[in-house]
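Got a structure for you, written out below as structure tokens; questions coming shortly.
Should a chain be cited, it is by its letter among A, B, C and D, assigned in written order, with residues numbered from 1 in that chain.
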Amino acid sequence: MGLIEIAAAKALASSAVFLFFTLLVMAAAKRISTCIVMFSVQSAIMAAEILAVAYANKSAEAYTIAALVIVVKVLAIPYLLFRIVRNLKASQDVASSTTGAQSVFIMVGLILLSFFAVAPYARTLRVDEDMLAASIALLLAGAFLMVSRKKALMQVIGLLILENGILLAALTTIFGMPLVIEIGIFFDLLMGVFLMGLFVFRIRDTFEHLDVSKLRRLRG
Amino acid sequence: MTLVLLLLVPFLAALLVLTCKESRRAVLVAMSAGAIEGAAIVNAVWRILAAGALQCGQYLRADGLTAFFLLNVGVILALVLTYSIGYLRHIPAGRFSSPRWFYSLTFLFVFTIMAVFLSANLGMLWICVESTTLASALLVGFYNTKGAVEAGWKYLVVCTVGIAFALFGTIALYLAAVRSGVNPASALDWTVLMNAAPSFGVTRDLVKLSFVFVAVGYGTKIGFVPMHSWLPDAHAEAPTPISALLSAVLLNCAMYALLRFDTITSHAIGGEFSHTLLLIFGGLSVTVAALLMVVQRDLKRLLAYSSIEHMGIVAIGIGVGGPLGLFGALLHTFNHSIAKSLMFFTSGNVRESFGTLRMRRIHGMARSMPWTSAGLVVGSLAIVGMPPFGLFISEFMILTAAFGASRYLIAILLLVSLSVVFGALLHHFQRMLAGKRTDVPAKLKLLPSDFAVMGVCTALLLLFGVHIPGMFAFLLQRALVVLQ
Amino acid sequence: MRAAAASMPMGLRTGIFLLSFVGFGTKAGIVPFHLWLPKAHPIAPSPVSALMSAVMLKTAIYGFVRFTFDFLGGGPAWWGYVVLLAGAVTGLLGILYALTEHDMKRLLAYSSVENIGIIYLGLGAALVFMANNAPVWATVALVAALLHALNHSLFKSLLFLGAGAIADATHTLDIEMLGGLLKRMRVTGTVFLIGCCSIIGLPLFNGFVGEWMLFRSFVAGSELPGILSAIVLPLMAGVLALIGGIAAACFAKLYGIAFLGRPRSLDAERAAEVAASMQAAMALLAAACVVIGILPGIVLNPLTVLARELLHTPALPEAVLPIAHTLPWIAACVAVLAIAAAGIRRIKRTVPTWACGLPALNSRMQYSSAAFSKPLRKVFSRVYEADRTVEVLYTQQPYFPKSILYRSVRTTSFEKSLYRPAVDAVVGMASRLRRLQTGNMQVYLLYIFLAVIALLVFMRFA
Amino acid sequence: MNPAIDLIQSLLLVAIAPLVSGVIARLKAQMQNRRGASVLRPYADLLKLFRKHDMAPDTASWLFRFAPAALFAVTVTAAAFVPVLHASALFGVGGDFILLVYLLAFGRFFLMLGAMDGGSSFGGLGASREALVSALAEAPLLLALTSVAILTHSISVAGIVLFTLQQHPFQLSAVFVFALGALVLVAIAETGRIPVDNPSSHLELTMIHEAMVLEYSGASLALIEWASSIKLTLILALLIGVFAPWGMAAGASLVALALAPLFFALKLAALTIAIAVLESSIAKLRMYQVPDFLGMASALAILAVAFTALMR
């Protein structure tokens, strides 16, 4: 076993922990930029994981997907988000409706919950338990961030994390889907983030704030 | 080629129309593109009927079900484009809100919708459904007012989140297929899945899990309660032709996606589970939407809730199942799309005339705008399922199927909801129609195109209420064959 | 279709029956699904109202007949009782509400409700006869119902057109503002009178023929073996008579206030006859009413064929045929006598109406529409719930008030006690549901997540 | 049977109608210790009125003039339904009780309209009250006759009379008692006698019929008065025919036919005395007690119909 193999195995084994770490940091984060960085890191961890899988299976498709993740999720989307943050010239506060400590506690609870939830499936599906748990945790964490953070950009980030969870679930169970489909999904995602960014500007222009909890003209 | 043409026309039209600075040119380009697309649809439907199914490469296929929905899109597109001629007079000029942008985005939207129907692959299907959200979000926010931006934002986020669940469900189904021994490369292909479905027994739980997520995901897009929250906002704030397009085409489009999954799931693990789920969503949607219609204040929001209700009825039809239930459900999607388009068109006229959609401020329509009022009355009679309009037939089929399948609870729930809807519409519209001539602020001149649109809608509703044309019935039968 | 229906399970058949009963009933406007009718009519222009009453209500009846008789082929007797009850309640409440209306079109709309009730009485009787294996009388009842439907479309169109003519001539439909129109609009007034005579079922006008056949079939109900049907059906004759009696009062009020006496407003005073085309249309309908009323055979035969088609039954029994032969003779007899009686008299001069020796009368001293219907309203006060306010303004003298303002708002207790709570409950629920649509998108997202969780839990247990 | 006999008995009914009114008035007067006018007085009145000038109010339309003729015509036509001497009628087979009731309603409707055409408040007042009474009287009248029709298996008036005539008095169903009760009550209301209406009242607070005819004069008034006395006699004849037809001729027997007027006169006399006694001994009801009165009639009629089924 060469050095690379050992590194790959190590990465695979401990990547779930790193992912959880990024989630906890996001929960504690007060600034949007921290969350963007953490999202980038999270995506990088996943890319590393896919690379490890690709290397282990000698799968060209997996390499392509890893490359896509790096380009789109590690670089392009965080860059886009940073640009938006910079251009908005607005407060960087995430505007959480829970305190930092509460958020972290909830995040821990969600992670435990996901382990609890996947236990029966992991066995029947013959997959790594902590990776599957991590994917569910990402899903739940994304959902939690979307619901609890009032800034429009945080909704985008939450959605991206949720998306990451789905991607991870696909990867851990079946090494992802056919390539064309994956590419399509990435493209969609990129467009989605781009559009949401557009809307963030529009919200700022028309409402002069970015607090989505105040967007309550339409109800009933 | 037939199928590629269907996609190519709207895509090219979207680009071409963007180059037309002058709004009359834009209208001309749009109308001719619409005509070409219509011809392409007719051609495609014809060929599909002749051949049973058309395949183009690995990712495009059209079968009977596709043909049925293509026809639906064609009819509504024609109506919407025609109506837009008159409607676009009122679009204020802005950075992105000009007729050319309107048409460009509309064709992009149509492009994604066509792609949904033509996808042979469930992964593709997901991508296209998600694209419809992206393409239409800008249209929802077209007016750039506070309400429009808010609605667009909510639409974008809520639907994207919902659709993400559908992706999860799709992956779960893929996993189930792969684990059951289907070749991973084609394990998302619809026909492959249909053939392999009976052997999914080992991954029973996974298929169920998949359907739960797909139902929530596409259900968000369909507007099932409780994932419906985006729908009234988007429908109310979008430009009127787009509201019609959303209600009459987009919802059907998501319903189509769910229908495909429902069929596979039924084949794999029996219909009990997925149908129960659909009945739950359907019953919930019908009840909640009917109740919420009572307390609406805005005309277009009212119509939006009515769409939720009708999607619930369709879900009940699918959930009740059987040839009659499915037939009724499919027919109902078609009838609803026409009736709802008519209603939205009239609401557009109302808005232009009264400057508001607040129903409390609208009086004396019957006197001041008799034609629009007639359209509204016909539309609302149709929408509450009165004979001799088409929705009566389809609702009656669904109810009969429900009684036949001994689903008494859901049938009674549906009946009660329908009467609540009737009461709600009567309550709202009676006040709007009655009143003096003097209550009307501005006079709206209807164009021939407006009359044409309302006339065609009425004629179609009447036609389908009295007699389902043979060709159409044949098409529906073909669609049913696909689902069984 | 019939064969398929025959093989259906009873539950499904009942389901279809109840569905078509409620569905078509709503459209036809049977109580308690009638609320939309009087609200829709006044809004619509007169020709549309006429068409609505004449055609739309009838398509509903047609649909119900088609489904219940043709498709389902009848059912157990209780179906018939349900329809009879609906018909009786509809007819009575319809005419009672009509009695209190002062707006001509609303009055006519409520009278449509009443006539639909009468038609449903016939349909119910037919169902009971069919369930009791008496196809001959079922045919009579069904023919009666169909005939009344046909007649109703004739005389109600006539009346709505008449109302339209009045609206044209006087710009109002409030009968408290009218009066003396017969003198000013002779043709309209005369044909309207024919419409009124028809609608209250006076002999020699078409309304009578249908009602007569209904009465006849009700009396025949006594021959049925079941005790219940032998009691219920003949009692329905009483209900029909009561409806007819109140209808007579109602239309005497309508005609008497709007067309007779002196004008109650300047507009009514200045009213002039409407265009000849309109007169011709009304005259044609009026002629049809009279012809059918005197020679009912011309419509009875085709309708009998139709009913036999629907029920697969033999011809009408002998017992109902004499009416067709008697009516022309009665008509002749009445005509000769009336002409003779009219010939005896010579009106010598016109004089002012007697005013008890006081100076001339004015129109405000006439009986008003509200006053006319007051006695009957008082008798049936349980049905109406009027909110009355009387404001009296005195100056110095206690016996000569300056002004008395009497306001009476009629709300029907039926609406109050049945619909109000139901509507309130629905609106209450709706308002509570409305709060769920908070406008906060994060809450919306929460709903989606909760839906996923709930379904996952459901999946575990399903 | 023989149209000539039928025609004669109908004309007889029309002809003696004023006499019946006169007899009742005379009997009442004598019971009240007055001498009273001659029993032929109504004929004199009619003759006088026919000769007098006919006047119409200036507001009136053609309907005002037409209404008395219509009332008279339908009432005389209705008289051709009822057997008097022979158990048959001019409108024998087709002359059913439904048509009879509605013919009477016909006349009343036109009288109501004629009253309202006068333009005074009296006309409206009378018409309104008449509308109340007739609306509520129609149902018990029809129901009572329905029960009789069910018992006699015939709907034509002549058929009903013939059936009863052929029965022995004790063979008759007890249900007849209820029907009779109901019919008597309704008859009082229909003919406008005390306690429902007072035919001799000229007080606007109490009158119904008189208020309606206030504007009429001359021949018009004569027609109306004649018609109402025909109606009274007709209803009395109906009561006699339905409940006590014995003595009426049925076949072609000339003896029976010769005796029939005698029997009829006796029974009519008994009824007029009963009316006179009743009208002299009880007070008129308040307006709003009339519905109660008719309610009782309705209850009896409903009972009668129900018993026809229950006592089969």
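Note that in this section contacts are C-beta pairs under 8 Å (C-beta built on N, C-alpha and C of every residue); 3 or more make two chains touch, one makes a residue touch a chain.
Please read these numbers as outputs of a predicted model, since none were measured by experiment.
Participant: Which chain would you call central, comparing Cα centres to the global Cα centre?
Facilitator: Here the chain at the core of the arrangement is C.
Participant: Just curious, how far off is subunit D from subunit B if you go by their C-alpha centres, in Å?
Facilitator: 70
Participant: Could you tell me the distance, in whole angstrom, between the mean C-alpha positions of subunit C and subunit D?
Facilitator: For subunit C versus subunit D, the centre distance works out to 30 Å.
Participant: With centres defined as the mean C-alpha position, give me the subunit A-subunit C separation in Å.
Facilitator: That gives a centre separation of 68 Å.
Participant: Distance between subunit B and subunit C based on Cα centroids, please, to the nearest Å.
Facilitator: Between these chains, centre-to-centre, one finds 41 Å.
Participant: Return the residues of subunit C touching two or more other chains; collapse runs of consecutive numbers into ranges.
Facilitator: In subunit C, 434, 437, 441, 445 touch at least two other chains.
Participant: Residues of subunit A that touch two or more other chains: which are they?
Facilitator: Residues 143, 146, 155, 212, 215, 217-218, 220 of subunit A touch two or more partner chains.
Participant: Touching at least two other chains at once: which residues of subunit D meet that condition?
Facilitator: Answer for subunit D, listing residues that touch two or more other chains: there are none.
Participant: Output every touching chain pair, sorted by label.
Facilitator: Between chains, contact exists in these pairs: A-B, A-C, B-C, C-D.
Participant: Going by the contact rule set out above, which residues of subunit C touch subunit B in the complex?
Facilitator: Residue list for subunit C touching subunit B: 11-12, 15-16, 19, 22-24, 26-27, 33, 35-36, 39-40, 42-44, 59-60, 63, 423, 426-427, 429-431, 433-434, 436-437, 441, 443-445, 447-448, 450-452, 455-456, 458-459, 462.
Participant: Would you mind writing out the residues of subunit C in touch with subunit A in their complex?
Facilitator: 434-435, 437-442, 445-446, 449
Participant: Using the touch rule from the top, collect the residues of subunit A that touch subunit C in their complex.
Facilitator: Residues 143, 146-148, 150, 155, 212-213, 215-220 of subunit A touch subunit C in their complex.
Participant: Looking at the complex, which residues from subunit B come into contact with subunit A?
Facilitator: 59, 121, 123-124, 126-127, 130-131, 133-134, 137-138, 141, 144-147, 149-154, 156-157, 160-161, 164, 167-168, 171, 174-175, 178-179, 184-185, 188, 205-206, 232-233, 236-237, 292, 295-297, 301
Participant: Please output the residues of subunit B touching subunit C within their complex, sorted ascending.
Facilitator: Against subunit C, subunit B makes touches at 153-154, 157-158, 161-162, 165, 208-209, 212-213, 215-216, 220, 226-227, 229-230, 232, 273, 276-277, 280, 288, 291-295, 366, 385-388, 392, 396, 399-400, 403-404, 406, 408, 411, 415, 419-420, 422-423, 426, 430, 433-434.
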